[in-house]
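The next part holds the structures, each set out as structure tokens.
Across the two complexes that follow, chain A remains constant while its partner is chain B and subsequently chain C.
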Partner chain A sequence: MSTEFVDLLKKFPAGRRENLIPILQEFQDLHGFIPEPAVAAIAEYLEIPAVKIYSVATFYNEFRFNAGGRYHFQVCQGIGCQVDSSERIRSELGRLLEIEPGEITGDGWFSLEWVPCLGVCQEAPVLSVNGELYAKMTPVRLKELVDKFRNR
Partner chain B sequence: MMIEIEVNGRKIKTQKGELILDTLKANGIHVPTLCNLEGFKPSGACRICVVEVEGRNDLVPSCSFFIEESMKIQTHSARVIQARKTILELLLSNHDDACLSCDRGRWCKLHELAFELNVTERKFGRTAGRKKIDNTSQAIIRDPSKCILCSRCVRVCEELQHVAALDFLKRGSRTEVGTVLDKGLNYSSCISCGQCIQVCPTGALKEKSHLDQVGALLQNKDKVPVAMIDPAVFATLGEFFGYKAGPEFSSILINALKRIGFQKVYGTGWGAEYQAGRLAGILIDKNPDENDTPLIFSECPSVVRYISQSRPALLSRLVPLKPANQIMAHLLRELTCNQTGKSKSDVSIVYLTSCTASKNETTAAMRIKGSGFLPDFSLTTREVYRLIRLYGIDVESLNPEFQEDFFGVGAKSGQLGAISGGNIEMLTRIIQARIPEANLSGEKAGKLRGIKDVKETTCEFNGKKLTLASISSITQFENYYKEIRSKHRKVDLLEVMACQHGCINGGGQPCRGAERNLRNRMKGVLEWDDRFSGIMTKDHLDLPSDLILNDEDCQAVFSPRQITK
Partner chain C sequence: METPRMSEELRDGLLGLVTHQQPESDQALRFLGRTLRRERIETLTVFIDRTTPTTIYSINLIEEAVKQWSVENQHPSEIVETGCLGLISVEPVVGIQVPGRARLYYGPVEPTDIAGMLNAITKQVVPEENLIGQMVMAGQQPWEDIPDWKKHPFFINQERSVTSLNGVINPCHISDYIAWGGYRTFYNSIRNYSGQELMKLIEQSGLRGRSGSGFLASVKWAKAAETTSDKRYVLCNADESDPGGYMHRILVESNPHLILEGIMLAAYIIGANHAIIYTRSRYRMAVKRIQCALSQAREFGLIGQDILHSGFTLDIQLKRGPGAFVCGEETALISSLEGKRGSPRTRPPYPATSGLFGKPTLIHNIETLAQVPMIIGKGPDNYRQLGTPGSSGTKLFSLSGKIKRLGVVEVPFGTSLGEVINSMGGGTRNGRPAKAVLLGGPSGKFIPVSKFDIQLDLDKFNEENLVLGSGSIVLLDDESCPINLTKNMMDFIRQESCGKCIPCRDGSKRIMEVLSLISSRSTPENKYEALDRFKGVTGVLELAEVMQSTSLCGLGKCAPNPLISGMELFREELEEHVFDRTCRAGVCLNMRSFLVDPVACNGCNLCFVKCPEKAIIGSPRQVHYIVDDLCTGCGKCFDVCKFNAILVN
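Up next, the complex of A and B:
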């Protein structure tokens, strides 16, 4: 196990599965994603099967297993947002960034993903960038948002 | 407490606190189930088992709801039937349509339910796209497009096998069953036991078929195909044809295989007894005070895989003997070469087995040509049935053909290897034959037989007393192992099988009806054994004079296998 993993894991008591989410969050914060070898390391440390770690991590939109762009867009695909035409947001975003879901822009700045319900349906349509929520999106507001990140 | 409830207008006596489904079953009322798994905690995932309870607005899943006093239940009201139908239609909307070419055939539970509930068309359009098939394992294939997310495989793999190779990934409409990092079964902790295939209601899980290769082999005039049959297949295959397990069907099977084109047909029993003889030698020489106990004896490739990838510290306890099928594959290859004058590479050994994990080994043989001790191909019981059908053999018209070959009659107790406890029984018989004054507690008391998780017996000779135990399923193994360690109990030998109750319940067996047929299979094995009961098990088996088997030939080498745990 790499020393980086050991140092991170040692902040938490061994064999206590209730710390799984905080541990995953630490890995995600550190790398922007969860490195694959971390799954086995966490499994060993918490004494739970590796597939359970993966199961929990894939349950939440928050966690990823590959490096996304500097700004990772997650567009809600839940029912509430679909009803409020998230479809338009999705295609508009694809047009603005010139990428499809799962892809990353050539300069490494943007990546795009569709995710299940983000949990704030009353604010639909919703998207999140690097975990921060943007509610009641319209094509106009979307363009402003993308421009804001582009010019950062 | 006994109470009275009403089901479909009929009064029924039952226990308070019993699951509704159990009460219905006990009273002959059939309610369909999909996710419910006997012997496991109910999961309530599929809802196909819903019933109407008077006074409640919602329908309740009978598999996970308890009986309450003066309950009034409707199991087949119009509302209930409509709900079940809709549930099934929704399940089908996400299910692959490739039913005509599905290997599950008429054993598909989904298909059966569609028939039962009169669902005759696709009501809802397909929502999910085709998902990637997991082909990574040499034994098990997973096709998530056919999965209905019932969770049966997940539960069996974790709770029965302590392996937890599978779990639900993602959530919502994207939920799927998968393996760690989505890399496929071969990368996971899977031990290829095939128990997940057994419980899957659909064709989402199946073995990697060798039928095409065996078909080509049978057509190849330059090759000599030899069938080698596992006792569990003898004890089970008859179920497909309505035959009782036992010697009669076994000989019919041999006849059928010869008609298909196998030049020679043998059992593996001889090899099992031969290796049990070697094991007896190890135990007789064993110093009873050694603290490396228990020795672990396993002919089961799933157990060996489990230990080598998840418990490498126990590798040194594994008795280093090759399993019977490898000994037999080697001998039969040599024997056939001697008899036909063909070269080794022209003789192909096809292993007919209830074991899906054996596919891992035969696949290795396919790659490393002529690796001597491994069979070339393996067919599960299900595949053997299909092979017989493929070749149009009318089993009913065949007469029994008793086997005259050397390996058919030499062994007296080798068939027992198909049931958990069988190897120990074989072993104690051989010890008894070698040391007539040995005192066994097991055999007569039937301690090693029947449907039990743990079977223990003792064996006293030369002033020492050995405790021998037999266990099946990996969870039971882990529990038992922990227990004897924590209580400092001395168990000298532990026979472990991955499939509960032994190979008769293997992952390659018929997908439906195991619960019903397990006892019959066990009886079939024991009856076969009884046929020889007048003949004492020998203290050792002699090889035919033209065959050689060195000590090293019989030994196995184990090494750790790296996986993501």
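Up next, the complex of A and C:
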């Protein structure tokens, strides 16, 4: 266990289940995802079985159990984007990267996720790559974008 | 967004503004108020909208442009961060104010426009390009022949009370909120009135929850206050998560202190000493703004022990929701806060008697709580003047879809849907005929154009068996496919269903399968597959009804709403999908088929190269041909063709 992790746990009283979600959130903020050893350590600290932690963590959209790709694509699923045919973007992206949402490409470069409304409906359809937003996407622009990342 | 520490002098001044009986009568306080409200400014001030909708633009470049202009022209300037006026289709919105004159709002503004605009305005000339209007405050000289911003068609019929300060004040500073009269109601309440007296006001106001069900607030409040317990909680649900709505996010990002004041008053009235704001972790800007507001309120002594020497103690915490649509349901939200899966449970007991950790808990969404300072500050009679007898006050709606002016509007209950769509929203984006509206997101119902004169009112909607929901309005025109949208909504429910009730968990999956089948192109299928498809279509309505009547929570009960109302309204279109296997709007991806126009095609070979399925045959400078059996309808050829030679069927 890293000292960082110990410090994080110390912020929360031990054995209190209601702190599970905040602990998972802070851990993910620090490391980007939640690996197995961390779950075991949190389970010990909060005195609940690890399986309960998985039960809670898999329920919510936020938690990830593997590192994302180098370029993490998040496609907006809001109605605004859907009405402006974000479905074309989703199917095109699936075809370009050859992965399903939640998966990573074999080379570890790209990962894909569908997310709820990103809040920029006036520029629909939008997607975000590593937190940077790309607006008014079309299949052609999407291909250019993916190629740009591939050639980096 | 760092919070600068407040000087003692400013702190005392603000305290005066909050606690003085008539701050306008005290010269020093009046002066301070005017300065903080920026009615009276010393230098050129530029107001830049920084909320989620503007994250996509290069706001930093706009700031840079202002600073650079300042240096080049040796003209001092100040940049102020603001919230969002509500009109997001013209983002980024920038306000410019010179000493003595009214503030001018522009949008959309490019970084390259800034220098020209500042040059003109400092020379007392108003550029009219992209102008929204002027905002005249007390003691300012208005610009001649420039319309007021409230005369803009988007704003003219709005009744802005909850959103009145959105886009006007700096949401990151408590001083802005206090200068506009903020926290005075709270101070006055905790010093001079008892919880019971204030509860009467809430009861008289007829306040109803803004989250779909429209439950009478005072019933909940009274129950939470009456139940004997050592601890009570107020929960503020800011976990909007409706895929079509963004009004709560805009509200909390533009004026977080209003929400805090609402929570404080609610806590005082029911006698709670703990409050929790639950907002989605992904709403990063909202999380930051709430954190910032909380730390300022704490520093100012509005949260903590013995608030402003009144003896009232309150602690407000922010909890980040890890993202689940079902957590909008109150019992699911409580489970989530207790560190469990966000599954709803049976009611009763209602949270008002046994909620978080088994204690009486008052749960409201932020829009409902934002009404509270107004009700108590201005009195219930004043509050009831807006809206209808059954539903008092105003309601926020977010406009999206194929609408011309997107944004958040605040209108009194009783305003007609048509007025919101046509006069505020400006109708459809390209002037195409409107088809319908999906009101209420994934739990809402379609409303056809013929019913656009319906009043937006909770009782009227119940009578007509419609859903007002959270208030997200999505406009569809003739280029949108309701079947496809319903399918996507059902897919959303499938992903978000907590899995507790089988009708919702498996029903949403099955409905989604049926809708996918009817919105995909015909493939060679054997007779059993064809039979299966038709069985699905004929049984889908029954399945929807089972889901509606046997699910536990609102999510499952309302999930089939778009399907049921859509099947009624768009029967013809649905039959086209089922029997003719065409989508007249051209939205259902797999259903489109493409043809090459032999006259327009000059054999550039681009579509041949780009086709991922190798379904296009042809050689350079020859007319190409699409093999229908190989084509998957991805539309790539259509997108790449520069000669409009690909026709969509």
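Here is the rule we use: the second predicted complex is superposed on the first by the 90 of 152 C-alpha atoms of A that agree within 3 Å, B and C clash if a C-alpha of one lies under 4 Å from a C-alpha of the other, contacts with A are read in each partner's own complex, and residues count from 1 in each chain.
One rule holds for everything that comes next: a residue touches a chain if its C-beta (ideal position, glycine included) is under 8 Å from a C-beta of that chain, and two chains touch if they have at least 3 such contacts.
The model shown is predicted, which means the values in this text are computed figures rather than measured ones.
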{"item": "Which of chain B and chain C A:Phe59 touches, first, second, both or neither", "value": "both"}
{"item": "Touched partner set for A:Glu4, first chain B, second chain C, both or neither", "value": "neither"}
{"item": "Touching partner for A:Val39 - first (chain B), second (chain C), both, neither", "value": "first"}
{"item": "First, second, both or neither for A:Arg17, with chain B first and chain C second", "value": "second"}
{"item": "A:Gly78 touches, of chain B and chain C: first, second, both or neither?", "value": "both"}
{"item": "Comparison of chain B and chain C by chain A residues contacted", "value": "C"}
{"item": "Touched partner set for A:Glu103, first chain B, second chain C, both or neither", "value": "neither"}
{"item": "Chain B versus chain C as contact partner of A:Val51, first or second or both or neither", "value": "first"}
{"item": "Chain B and chain C contact sites that coincide on chain A, given as residue numbers", "value": "55, 59, 78, 116-117"}
{"item": "Residues on chain B engaged by chain A in the complex (per definition of touch)", "value": "158, 163-174, 178-182, 188-189, 564-565"}
{"item": "Residue ranges of chain C touching chain A (in the complex, touch as defined)", "value": "52-53, 55-56, 88-89, 91, 241-246, 249, 281-283, 319-320, 322-325, 336-342, 357, 400-402, 406, 438, 441, 472, 474, 476, 480, 484-485, 488-489, 492, 498, 587, 589, 612, 634-636, 639-640"}
{"item": "Chain A residues within the chain B interface of the complex", "value": "36, 39-40, 43-44, 49-55, 58-59, 65, 78, 116-117"}
{"item": "Residues of chain A touching chain C in the complex", "value": "17-22, 24-25, 55-56, 59-63, 77-80, 82-85, 87-88, 91-92, 95, 115-123, 126, 133, 135, 138-140"}
